[in-house]
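Chain IDs A, B, C and D follow the sequence of writing; residue 1 opens each chain.
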Amino acid sequence: MNIRVGIVGISGFGGGEALRLIASHPSFELVYAAGEGSAGSPLMDRFPGVPDKLSELVIEKWDPTALPKLDVLFASLPTGSSAEALARVPEEVKIVDIGGDHRYIEGWSYGLADVWPDQIQGRSRIANPGCFPAATLNALAPLLTQRLIEPSNIIIDAKTGISGAGRGGGASKFGYAESNENVQPYGLLKHVHMPEIAKTIEQLSGGSAAGLVFTPHLVPMTRGELVTIYCRGTATTEQCLDAARSFYADRPFVRVTTMPPQSKWANGSNLCFVSYAADPERNLVIAIGVVDNLGKGAAGQAIQNANLICGLPVTAGLEGAPVWP
Amino acid sequence: MNIRVGIVGISGFGGGEALRLIASHPSFELVYAAGEGSAGSPLMDRFPGVPDKLSELVIEKWDPTALPKLDVLFASLPTGSSAEALARVPEEVKIVDIGGDHRYIEGWSYGLADVWPDQIQGRSRIANPGCFPAATLNALAPLLTQRLIEPSNIIIDAKTGISGAGRGGGASKFGYAESNENVQPYGLLKHVHMPEIAKTIEQLSGGSAAGLVFTPHLVPMTRGELVTIYCRGTATTEQCLDAARSFYADRPFVRVTTMPPQSKWANGSNLCFVSYAADPERNLVIAIGVVDNLGKGAAGQAIQNANLICGLPVTAGLEGAPVWP
Amino acid sequence: MNIRVGIVGISGFGGGEALRLIASHPSFELVYAAGEGSAGSPLMDRFPGVPDKLSELVIEKWDPTALPKLDVLFASLPTGSSAEALARVPEEVKIVDIGGDHRYIEGWSYGLADVWPDQIQGRSRIANPGCFPAATLNALAPLLTQRLIEPSNIIIDAKTGISGAGRGGGASKFGYAESNENVQPYGLLKHVHMPEIAKTIEQLSGGSAAGLVFTPHLVPMTRGELVTIYCRGTATTEQCLDAARSFYADRPFVRVTTMPPQSKWANGSNLCFVSYAADPERNLVIAIGVVDNLGKGAAGQAIQNANLICGLPVTAGLEGAPVWP
Amino acid sequence: MNIRVGIVGISGFGGGEALRLIASHPSFELVYAAGEGSAGSPLMDRFPGVPDKLSELVIEKWDPTALPKLDVLFASLPTGSSAEALARVPEEVKIVDIGGDHRYIEGWSYGLADVWPDQIQGRSRIANPGCFPAATLNALAPLLTQRLIEPSNIIIDAKTGISGAGRGGGASKFGYAESNENVQPYGLLKHVHMPEIAKTIEQLSGGSAAGLVFTPHLVPMTRGELVTIYCRGTATTEQCLDAARSFYADRPFVRVTTMPPQSKWANGSNLCFVSYAADPERNLVIAIGVVDNLGKGAAGQAIQNANLICGLPVTAGLEGAPVWP
């Protein structure tokens, strides 16, 4: 079965990773790639390693009203710049929005694909989670649904590779020399990912209000993301691990480990690793979540969502093992 | 068609990359993984991201006389430690030796797969080229066969990521703090890869004696390799590029670019990029070759060779695009 | 004034940084350097950039009973291996132990030099703080002494460069390829630095019991350390900053910033940066501390302690600005 | 003695390193810092680790006709933008131009400070060498003056950290994610540093025409530079080493090593390491030169030149040992 797909925002890191994954997807055929900066150039100029079968494709100027026949459009645009344009995409084109404009917006399903695949299947407008929410919510979902932690008191300390700051941001603020050999905290007590994390926590915990502290840090690596989450709860480490094992029993992309996972374990893949360490006497549960910020944190989960809305096996095109070392 | 394959040397970087590629190969089924250090552990303990279908496999102690039924064995052992053992592998098991012991040894074909696939098809003992030879020889082959450069006067300045020093070497000498932010030249005027480069150059140039200078440098990155080669010749840049385009016209893994390629373009893939810049008035041709030292420089080319000796399409299992960024 | 100093543990990272700082110290003269692994080699073999005046020094085998005449000995030995040997050093030799064996041990003063210099001056046995305690305690001291946070509920999320794992550890477990592009949490709910942090917090808070959660992470950089500390308290951001400004008014090495500091700001120096962000309505204070793990986190603070016990200006030999970028 | 100095181009990497070195210089007092982008900000906003004594200084808008009383001005402006402005600086202000506009321009002395200090002392207009020339010419000078190599046939393969591309360039083209894990050759058969290398080689070899091939590569590190130079000559390794030892006998900043030096050996210092490997039977001499591109390759050599023109000891303010690891 051939499903015709397109990407808008091809020059960003999320769009580029979508291209990589689509290129070896068994059912998706890339027929459209658009981007502002690079419109007019052959795909190969921008991606010298692009597979031969795509080497003739030319990057087009993004125009939502002049699309070729498409089954699915992947949008990876900067936050704030997709809402209006995507509203003009024809109804019959399914959309997975990797950008942030449609999360918890009416008419769009929040694509937390390993947690609630049933709420995604059959839909046609999917808002892909941000990278921090992907790592955080996958780690917390089993604890929240089992009421093993208090939703009102959650501290998320996040570490991400520099590609998480985006290509635009990267060019203007995150030069190599300044970012290398550096840990940079940013956005203390305010960060754009907070609302989608809070809203999802409330849903998963049956409506209890979420109380969150979220501190992101840039660490000197290209890809990878690890969140260390400090929660209140009296469960043991084993109870937390068991809750996660059972929650993710049928989920091929989430792995529960007894050792604390390392960010690199997921690089280049759509995997998510979660682990837990608890001290019931101190009312403490530590949850750790690991994703590739461009994989499960962006394009990987987007393909997974597209598989779900197209009725494909959820693992189609996503079976590649992580790149190690 | 299911081809039963095994890997010995699974804990090294070359063996681990072979595992990654085999895991998503359409025709290879991994039925055996052996390693000294890690014998007895489940594959998943060592490779937390290994695909589910392989998660039950246990690493075995390497014993060439007690192999399961195998069609192909990939060997990735330290130089000096494979010759004796591989001699005891049953005749009917095809072998691709990623290690250095069998290059230009009688009874073994040198697996320079993009240059002479015809000399590989149908064989059963393949000595995979080293990573520096892979990058160098792919860049030089078109020039040598077209007699555009003098084989007697070739200077190869090579830059490789630290994984090129191997896992054993890496653990004992190349700690993170010492290797990071550092360029380290080594082995001046002597290097173990020289003979296979010299012998191949002589073959490609119709028997003329090769004169080589080879200087490898470790640069602070995990993967990737770029060789800058200074040759004598009066061809123009365009003539060199044309020679390469025509030489590699039917080779899916070698790309000829007009821009000088960057090492990262190949990372995670089996691609090789070559380019040229010449100044005929000064009798100078610069050739550049780029590979992932663990891809085309090791496991990628090994899979390609296995495809050739098994009669599979040469691209089987190797179609993944490079990881970027 | 010439003060004769020695270093034992010269081949470790802490010892090497002590060497660098002593080499440009206006009053210290290095007359003795000892190390197990490298005994017998000229200092210059191990440190090719060592200043000319020290280039003749030969590394000796460590023997506490056969020291030359020394005023101060800097010891930088692996935890567990200094207690017995340092007990045999003659009484009249002052000791600054960069290693972990003498922290909160009778007869030794805990060298938290920016917090309680008065408790260090005039002493002759100083236990230098660990790198995580240095960053953490400098950030917390103003809040604890002003009772702005609860000592019983402190979560420390620490990120350190790989040199923090030590040279020995580094060589055996932290190869370049495995540590690069990776965030590695370790020692969850147990870490060797905890007791000295807890004891100091109790002292600073007037005896209240400390309740700590401490999670260290290795990030892919050579040097640098940042701790993000989550505390309970109702002070405002401005109150926290003011407490720190007043606490450190006469301390040349601690800088209070309104922007969250980056780890690289301190690299190569003895500086410590602290900052705060608070949300009184949520009973939350976030404290951030930054040090170079080999500077203020090891050898820098050791020199500062030696200055104090020798009656020198505290900044002697420590005035170099951080290396940027 | 207090010498009043200023820096223009403070926001670039070269200007920033000059600031760091001046801050701990025993005779230089920084009284003026200018920069386009950051004019009006306190120095401390841009350099949070700047020494206390300079923390009140405010960055001024660059105006060569409105300078305070200055003895020496360090200029670190992008190539092309200093010639006109520096011409308007009053005669009595000595200038060291770290930028490229005045190299081999009449009225300016080329500041190759370890090779011909006598040509620098007493002058008042110094053109500081580029970073590639610094490493290359220091390595070649002993061979050229001793006629051990042919000036007409020199191949320079250079590897530099990303700060070598400058802060401006860095921001726009060399984002972290794209430059990390990447070796990037550039400017094949054309590079702006060539003329000053060629002219100096001709001077050092007594007028023979230089024939050069120069290939620079960016490697993923912040600082550091290593050049591998392939020459024609029949000297032995020992003869080359001896020539360099004798040439640099009284030069405190150049070290001749028998082991090939590593780029990191010089980081943070004004040192230059040179080494040689020769094969007389093949008419081959390999020379290696190592510098910190911001040290000897820019600000370090600039301070050294300023010491020379001010009649100070050449090592004043430059005695700091390299940062390791």
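The rule we apply is simple: a residue touches a chain if its C-beta (ideal position, glycine included) is under 8 Å from a C-beta of that chain, and two chains touch if they have at least 3 such contacts.
Source: prediction; values computed, not measured.
In terms of C-beta pairs in contact, B-D outnumbers the other of B-D and C-D.
Of all chains, the one whose mean C-alpha position sits at the greatest distance from that of chain D is A. Note: centroid distance chain C to chain D, computed from Cα atoms, is 34 Å. Chain centres here are Cα averages; for chain B and chain D they lie 38 Å apart.
Each of the following residues of chain A touches two or more other chains: 13, 161, 163, 177-178, 180-181, 220-223, 267, 325.
Against chain A, the residues of chain D that register as touching in their complex are 13, 161-163, 167, 170-181, 220-223.
The touching residues of chain D, counted against chain B in their complex, run 155, 157, 159, 161, 177-178, 180-186, 188-189, 211, 213, 215, 217, 219-224, 226, 228, 230, 260, 262-264, 267, 277, 279, 282, 284, 286, 288, 325. By the touch rule above, chain A contacts chain B in their complex via residues 13, 16-17, 19-20, 23-24, 47-52, 163, 181, 222-223, 252, 255, 257, 261, 265-269, 271, 273, 319-325.
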